[in-house]
Amino acid sequence: MAARIVNEFTKGFWKEIAPLRFALGICPALAVSTKVESALGMGFAVVFVLCMSNVLVSAVRNIVPDKVRIAVFISIIATGVVIVELVMQAYFYPLFLVLGIWIPLIVVNCVVLGRAEAFARKNPVLLSLSDGLGMGLGFTLSLVVISSIREILGDGTWLGMMVLPEAYPGFGFLLRPPGAFVIFGLVLGIMNVISARLENKTA
Amino acid sequence: MSLREIIQMVLVLTIVAAVCAGGLAAVKMVTMEQIEYQQIKFIKEPALKKILTDYDNDPISDRIQLVTGKDARGRDVSTTFFLAKKGSQLVSLAFESTGSGYGGPIGVMIAIAPEDDVVQGIAVTTQSETPGLGTKIIDDPSFSAQFADKPLSANFSLSAAGGQIQAITGATVSSTGVSNAVNRGIELYQAVKPELDL
Amino acid sequence: MQEYLLMIVAAMFINNIVLIRFMGNCPVVGVTSSVDSALGMGAAVVFVTTMAGTTCWIIQKTILEVLGIEYLQTLVFILVIATLVQFVEILMQKVAPPLYRALGIFLPLITTNCMVFGVSVLNIKEEHSFMETLVFSMASAVGFAIVLLFMAGLRERMDSAGRVPKLLQGVPITLITAGMMGLSFAGLMGLD
Amino acid sequence: MGPVLTAIVTVGAMGMLASLILGVAAKVFYVYVDPRIGQVGDLLPGANCGGCGYAGCTDLAAAIVQGNAPANGCKAASPEVAANIATLLGISVEAGERQVAQIFCRGDAAHAERKFIYKGIKDCRAAQLVSGGDKACTYGCLGLGTCVEACMFNALHMGANGLPEVNTDLCTGCGNCVKICPRHIPRLIPISQMAATYCSSHDIGKVVKEICEVGCIGCGLCKKVCPEKAIELDKFLSVVDPTKCNGCGKCFEKCPTGVIQAVVLTSKSLKMAA
């Protein structure tokens, strides 16, 4: 059991890292990845919602009729999202202003509903929690990777600190929407190469 | 689909929705004050910082709300007053007033020292004026400086209207908006001063 | 009249919901391997987004704002959208079976299309009037359909070209294409 | 407690309303969906190749259940699958004949002219876009192997002469190659067909002669010589009717370009046909 919990937790980081492997939840990954700071904020918001929804969905999985399954799941997720929304407004207001509409949009993040449907619906609470935590942190990791590339190359900073020489002119394209798509595509391509290499080694 | 199934479905969804809403309402109650504080802090604080000097409390925590009039439908309209204190002594009092500019309403934060009825300073909070022209009401500090350290009895109209304020060249409408906001604010202050119980 | 025209152009191209606002990317990446299914999906999304946008606007104005419970917006909107989508599915199956066969399989996907929800929220956030809500919802959804269709066409061509480097095949090249498309859409910026 | 109650009542009422609408709608607009559709769908291969002419396996399953398609409607499925479906539905498998793909062009590099040298993307659909392809014959095989790639069953491969060849043992008759070819050179024939005109050109004889040594010139000799009247001319192209042809081979001898030939199947298929 313990081994399974660990396994469900770790798969979210590489083997099944949602945005990079399955192109799930890429909308927020593109939208809030201009700065590492907002990527982290978004990532932790998703971790919270994902854990909460996975646990609750798993807890009610045997008493919900099939016809209203989606509606119930989505209500649970929406509740988690509104909690995040309220707490963030109360204690992290600047972050709330930066993330803006993307906080309520966690409701329709494919990763969250996807995990509820594909995992939490069929598994006990503890496993679901570990799955949610792993998937959520994997999502955060993807966001941080992409936002790091965009912030460092686009602005010369990382988490607001200057990391490239002052003279670095910046590369505004990366900070604008089309740049997000291109960087994301390239990161996915590099992922493909790395995992192909790894498979060759093990084979 | 049988009737039993429908009833079960309705029951489950109703209960889930109600429980979710209840939980959220509870969270909202807990966080409401803090949210209001944060919103005021991040929207009003920059303006407050500009015009309030020499105080040692948090004017956003020490705020009071007073009903200051009625709107077109007869509902109460209230204004928030931020109190700046030094020690326990009230040194100034700031509140927001509006006037209409070129691109829409202009919000102006006014600080008044209640002791001697002097306008300590003003700062524009919200505006949607023409960039480069009307926005000088914010960008040009010498414009708002004209309002500072004048007694309430001074004439805060533009010089063209016989007052003491020099309008910004090319931005007369925006300047008028600010000056109107200040005049309106002083009127409001005079009206509620007895209520303030200072 | 002119303001509605501007709004349509802005929502469809300049602030394209997919390329600039980053909503509804999953179907653009997932569904767009053939022009036929892109057309079906696009039509279904235009229909649902317009319905959901206006319904949510009415609920916001007549219930949430009146009762002062705007903070429940997220919960209520998503409930409305989920119900609406399922209702349309049931209704369509009965009333217009040919339409259902063409669009039906895409309907369940739409509940989680962040675009539908996003447009509903944007309508409130940007304080649209009812007419503006109607126009904005429809124009945004058409913008989505356009990108979906373009992308499907481009992908059909790219698949037949067979010249895509191995590491970029599939999703990566789609995303990069979307980036290029976004650049060209940004070229319309001067229109508004 | 006021605000909490407001929230609970409002959203609870909305939840109730939503589920009521759905429940009632499901009842009022009830459409009977045959559960057998799902069961048949599970039996089908699920490759969604579209070879059956329906939008996918589920669509075909619905058609089979409604009787619009035969139990062996899936071209890619083995006869056992068809039998299983038939048993499930209690209907008999109609003796539909297996179909295989054949390449209807013999104009390889040695026998057919080229208009220009094409150096573009190695894909027939791309080549077709460049002033109608490099082949002088506008009906002939472009030989870039797009059909080979489209085949999900490895039944096609590129022959030494630059034309695709069909392994009839592996071919399921799904028709993917037929659809993807911009010139529709691969076509499906019943596996029992004895003879075929391996050309797709509808050009008149004079034109064909100029550009290809192995094309059908539409002379009609085969039609004249056929004792079974199994051959018709369709716009300067002879077409063999598989239901009439008995494979006597008289036309093979008469054909001036030798384009009408016996259908050669790979060994295993031969036995099955026999």
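Note that the chains are named A, B, C and D in the order they appear, and that numbering of residues resets to 1 at the start of each chain.
Note that in this section a residue touches a chain if its C-beta (ideal position, glycine included) is under 8 Å from a C-beta of that chain, and two chains touch if they have at least 3 such contacts.
Keep in mind it's a predicted model, so treat the numbers as computed, not measured.
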Closest chain to the centre of mass proxy, which here is the mean CA position: C
Pair of chains joined by more contacts [C-beta pairs], A-D or A-C: A-C
Computed distance of Cα centres, chain C from chain A, in Å: 21
Euclidean distance of C-alpha centroids - chain A vs chain D, Å: 44
Chain B and chain D: spacing of chain centres that average the CA atoms, whole Å: 73
Chain B and chain C: spacing of chain centres that average the CA atoms, whole Å: 38
Sequence positions of chain A contacting 2 or more other chains: 67-68, 71, 75, 78-79, 82, 86
Per-residue overlap in chain B, given as positions that touch at least 2 other chains: 1, 5, 9, 12-13, 16-17, 20-21, 24-25, 28
In chain D, residues with contacts to at least two other chains: 3, 6-7, 10-11, 14-15, 18-19, 22-23, 26, 30
Partner chain C, residues of chain B touching it in the complex: 17, 20-21, 24-25, 28
Residues of chain D touching chain A in the complex: 15, 18-19, 22-23, 26
Residues of chain A touching chain B in the complex: 63-65, 67-68, 71-72, 75-76, 78-79, 82-83, 86-87, 89-91, 93-94, 97
Contact set on chain D toward chain C in their complex: 3, 6-7, 10-11, 14-15, 18-19, 21-22, 25-26, 29-31, 55, 59, 121-123, 125-126, 146, 149
Chain B contact footprint on chain C (complex, rising order): 69, 71-72, 75, 79
